[in-house]
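Note that chain A is present in both complexes that follow, paired respectively with chain B and with chain C.
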Partner chain A sequence: MATATAWRTGRATAWRTWQTTRRAYPWTYAVGTVLPAALTIALGHLAFHAIGAGETGSGFHEGPYLAYLAVGATAYQFTVRLILWSAKALITEQRQGTLGALLIAPAGRLPYLLGFTAFAVLSSVAEFLTLAVVVAALGITIPVASPLGALAGALALITATFAMSVGLGGLMIAAGEAHISQNTLFCVLGLLCGYTFPRAYLPAPAQWLADALPTTAAMDVLHGSLTGGRTLTDLAPRLALSLLLSLGYLLAGLRGLPRAEARAVERTY
Partner chain B sequence: MSGLRPALRIFAAEALKQHRRLFGQPLVVFSMLVWPVLQLATTYYTLRPVATASPAAAHWPLSADPHRLLAFLATGTLAYAFFFSLVQSAWHLSFERTTGTLELLFLSPAGRLTLMLANGAGALVQNAWLLTCFTAAALLGFGTLSVAAWWMYGVVILALLVPAVAWGAFLNSLLVFSRDSAFLYTILDEPLWFVSGVRLPNFALPAAVRVIGTAFPLTASLTAIRGALLNAEPLSALAPTLTWLTALSALLLAAAALLLRVGEARSQRTGRLTLI
Partner chain C sequence: MTTGIQVRDLRKDFPVRDRGLFGPRTAKTAVDGLDLDIPAGRITGLLGLNGAGKTTTIKILATLLRPTSGTVRVDGLDTVADARAVRRRINLIAGGERMVYTRMTGRENLWYFAQLYDVPKRQVRTRIDDLLALVGLTNAADTPVERYSRGMTQRLAIARGLVNDPAYLLLDEPTLGLDAPIARDLRRVVARLAAEGTGVLLTSHYLAEVEELCSHVHVIADGRHLAAGSPAQLKTATGSHATVRVTVPNPSPAIAEVAARFGATRTPADDGAEVLTLRHPDDIAGPLAAAVVQAGGSITALDITEASLEDAILTLTDRTARTEAVPA
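And now, the complex of A and B:
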C-alpha cells in the first residue's frame, strides 16, 4: 500500500513537472544545459589542436584527452541539471506559495523528490542527444572500455547527485536562498570532483575534500569505464564507496529535512 | 556648459544608489570573487594537459610557464567579470519595471543616457573592486607582470573601464525596454567568454569566431590588457587595438542614445513601460 502511494506520488510529480516545463519554459532550460557543455568541449578541442598540436603532456594518463573532456563536461552539466531540479524543487514550491499545501498533503517527501529527479533524468536525455551531435561534429569518438561499468557509473552519479540534493534542498528552504548556495556548490563540484581534469592535479587538502563527496568516486567509475580502459571489477571499490557516501548523504538529508521544513514554515507565517 | 552640473548630480545619485544596493551584499562577494576564482582554477587545470604537451611551447610560448598561463587566464577572468557584471546590472535595471519605478525614471527630467551610464558605472565599481584587488595582488605576488612603463597601468585601467562602461550603457538601454531580459542573460553569459578569447589565445580560435569576437569590446580590451601587462608591449604596438576600442565604445554609446530615443518614443505611444 505504502509503495503504491509512493509510486503514484513520484509519477504524478514527474508528470506535473513535465507539463509545466513544456508549457512555460520550452527552450530556456535546454539552451542553458547544452550551451555550456558544448562550449567547454569546443574550448578543449581548439586548445588541443591549436596549442597542443594533437598531443597532451606526459602527466595525463586518462586516455584520449578530448573524449575524457567530452565525458566530463557532459557529466558535469548533467549533475548541475539534476541539482537544479531536485534541490530547488522545495524552494520553488515555497516561492510559488505551494509549500504549505505540499507539507500537509499525505504524500511522502522522498517519492516527491524522486519524481523530480526522474523527470530531470528523462528530460536531460533529449538534451544530451543534442550534445552527442556536437561531439560527433567535432570528430570525437568516445571509447567504451566497459559498458556495464559506464552504466553503473552513470547510475552512481545520479544516486550521488540525488543524495546531495535532498540535504541541499532542505538548506535552501531553511535559508530562503538558492542562487548563492547552488552556484557555489556547482563551482566546488566542478573544481574538486574530477569532471574535466584528473583530481591528481589538485593540492592534497583539496583532494581530501573531494573524497568526502560521493560524486568524486562516481566520476572515477564513469571515466575509468569509458576512456580509462578499466573493467567493472577494477572499479568495484570506487563504486561501493560512492554508493556508501551517497547513502550517508541521503540519510543525513532526510533527517534534516523535517527541521528545515519546520523552520521554513515558521519563518513564513 | 549648463548640462554638466545636472549630469554630475545624476551620476552621484546613481552611484550612491548602487552603493547602497550592492556594497557588502553576499551575492557580490560570491559572484565577483568566489565563483570567478574557483572557475579560474577549474579552467587552468582543464587546459593543463594541453599546455604541458611538448609542441605547446612552440605554438604558445606563454603556456610553458604555469605562472604565466595562470596570469593569462586571470586577466581573462578579471576582464570577463567587468563585462559580465554589467550584464548582471542591466538585468537588475530591468527589475525596475517590476517594482514600478521604471516609469518614474522616464518621467523625471534626468538625461536618459547619463542615467544609463551612471547606473552601469556605479554597478561596475561596486562589483569589480574585490576581484580587481585580488587579481592585482595575485599578479604582483607571482611576479609575472612585464610592463613597458609605469603609466601603461593607466592605459590598462582605461582600456578596461571605458569600453565596459559603454557596454553597460548599451545593455542597459537595450534591456530597459525589453520584457524578456532573462533570455539575453543566457545568451551573453557563456558565449561571451568563448568568442572573446577569455580562456584561449586569439590564434587558437577559428576565423569565424574571431570575426564575431571583434564586435564585442571585451575582445579588444583583453588584447590590450594582456599585451600591456604580460608582454610589455609599448603604446605604439597597442595603438591599433586601442583605436578600435575607442571607435567601438563610441559606437556603443551612439547605439545606446539611439535606442533610448526610439524606445522612449515607442513606449510613450504604446504605454509598454508599465507592462510586466
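And now, the complex of A and C:
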C-alpha cells in the first residue's frame, strides 16, 4: 500500500516536471546546457594536441587521456544537471508559491524527490547523446573495459548525486538561497572528485575530503571500468564504498529535511 | 471517529534577529496560550486584527508550522507526531498564496494533487470534474493556469483544497481577490460542506462573510484568546449598538433641543439640512423620529445600521490594548 502510494507520487511528480519543463523551455535550452561540457572536451583536445603534443605526463596512468576527459566531462555535466533538478526542487516550489500546498499533502518527500530525479535522468539522455556526437566528431574513442562496471558506475553516480542533493535541497530552502550553495558544491565536486583529472594530483588533505564524497568512489568505478582497464570485481570495494556513503548522505538529508522545511515556512513569517 | 480539532495551550515563538545578520536572537510570540475547539459540521470563525496570530494558528493546524508548546489534535491525532495521518484529514485554502502550478492546466493541477493525496484511482476523474464544475472552471479546465485571471487562479486553489474531500477545512482569507458572485458561491459551498459534516475554521477580513457563515467565533489579539461566542453574543457582550441617522431638512432650535434630549449628535448636511446620529441599545428610531416631527421638523431620510461584528471586534481589541497600557 505504502509502496503503491509512493509510486503514484514519484510517477506523478516526474510527469508534472516533464509537462512544466516542456512548456517553460524550448528544446534549444538543452543545447545550451550541453555546450559547457562540449567546450571542456574540445579545449582538452586542443591543449592535448597543441600543447602536450599528444602526450600525457609520466604521472598519468588512467588510460587514454582524451577518453578519460570525455567520460569525466560528460559525467560532470550529468552530475550538475541532476543536482540542479533534484536539489532545487523544493526551493523552486517555494519561489513559485506552491511549497505550502506540497508540504500539507500526505505524500512522502522521498518519492517526490525521486520523481524529480527520474525526470532529470531521462532528460539527460538527450544531452548525453549530443555529447557522444561531439566526442565522436573529435575522433575520441572510449575503450570500455567492463560494460557491467560502467553500468554499475553510472548507477552509483546517480545514487551518489541524488543522496547529496537531498541534503543540499534542505540547506537551500532553510537558507532561502540556491546559487551560492549549488555553485560551491559544483566547484568542490569538479575539483575533488576526479571527474576530469585523477585526484592523485591533488594535495593529501584535498584527497581526504574527496574520499568523504560518494561521487568520488562512483567516478573511480566509472573511469576504471571505461578507460582504466579494470573489471567490476576489481572495482567492487569502491562501488560498495560509494553506495555506503550515499546511504549515509541520504539518511542524513532525509532526517534534516523536515526541520529545513519548517525553517523555510517560518522564514516567511 | 470525528472528535473535532482541539487546540490546547498553543504557543508559537519565532526567533528574530534584532539587528544585522549576526545580531542576538530574540523570540517573538505570535500565539500565546491559545485554546480552541473546532467541531465537525460547524463553521468556526477566527478573528482578530492584523498580526493577531490567525495565520500562524492556521499554519500550525495545517501542520506547516510546529508549535513551540501546547498541542493540536485532529480527531485525536497529534499534528506533530501523526502529521501524515492528520494531512489526510485536513486541507488549507489560503487566499494570499497561489498554491497551484501556473504552467499546468487546471485539470492537470487537480490530477497532480489527487495523486499526492492518494485519492482512489476510480474516483479521480469524477472528483476533478465535480470540483471544476463547483468552482466554475469547467470551460477553462484545459487552459494553462498562467492564462487564468487572478480570480480564476484563486478558484482553482479552492478546488485544490477540496481535492482530498477533507474532514476539516482551514480557510485563511479564502475570498481575497474574488469577484462578488464567486465569493458568494464559495460561501454557499462552505455552508453546504459544513452541513454535510465538514469542520471549517475561517479567517476573513470580510466580517459580513464571517457573520453570515459562522455560528461560533473566536476573537484573538496578540496571539491570545479574547472572547468566544456567536456573533450576536459577541455584539451583546461588547455593548455594540445600532446606529440611527435622521436627516432633517429644516433644522431649528426645537430640533436641536430634541437632539440634546436624546443625546444625538448633529452634523450639517447639504442644502442646510442636518443629520442627527444616535447609537443606542434599544429600538430608538421610532421615538426619535416622532419627537422630530412633534418639534415641527420634517424627515427626508431615516437610516438604521445594525451593530456590526466589526464594532464588537474593535471594542474587544481596544479594551485589551487599554488594559495593557495601564501600568501595574
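Keep this in mind: the second predicted complex is superposed on the first by the 265 of 269 C-alpha atoms of A that agree within 3 Å, B and C clash if a C-alpha of one lies under 4 Å from a C-alpha of the other, contacts with A are read in each partner's own complex, and residues count from 1 in each chain.
Basically, a residue touches a chain if its C-beta (ideal position, glycine included) is under 8 Å from a C-beta of that chain, and two chains touch if they have at least 3 such contacts.
All figures in this text were calculated on a predicted structure; none of them were measured in a lab.
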Combined model on chain A: chain C and chain B, fit or clash: fit
First (chain B), second (chain C), both or neither touched by A:130: neither
Vertex chain A angle, Cα centres of chain C and chain B, expressed to the nearest 10 degrees: 90
Touching partner for A:69 - first (chain B), second (chain C), both, neither: first
Partner chain in contact with A:207 - chain B first, chain C second, else both or neither: neither
Greater chain A contact set [chain C / chain B]: B
First, second, both or neither for A:265, with chain B first and chain C second: second
CA minimum distance (chain B, chain C), superposed complexes, angstrom: 12
Chain B and chain C footprints on chain A, overlapping residues: none
Residue ranges of chain B in contact with chain A within the complex: 26-27, 30-31, 34-35, 38-39, 41-42, 45-56, 59-60, 63, 182-183, 186, 190-191, 193-194, 199-201, 203-206
Chain A residues touching chain C - in the complex, by the definition given at the top: 5, 8-9, 11-13, 16, 19-20, 23-24, 96-98, 100-108, 112, 262, 265-266, 269
Chain A residues touching chain B - in the complex, by the definition given at the top: 28, 31-32, 35-36, 39-40, 42-44, 46-48, 50-53, 55-60, 65, 69, 179-180, 183-184, 187-188, 190-191, 196-197, 201-202
Contacting residues of chain C [partner chain A, same complex]: 14, 30, 56, 59, 62-66, 84-85, 87-88, 90-92, 94, 97-104, 108, 111-113, 115-118, 144, 160
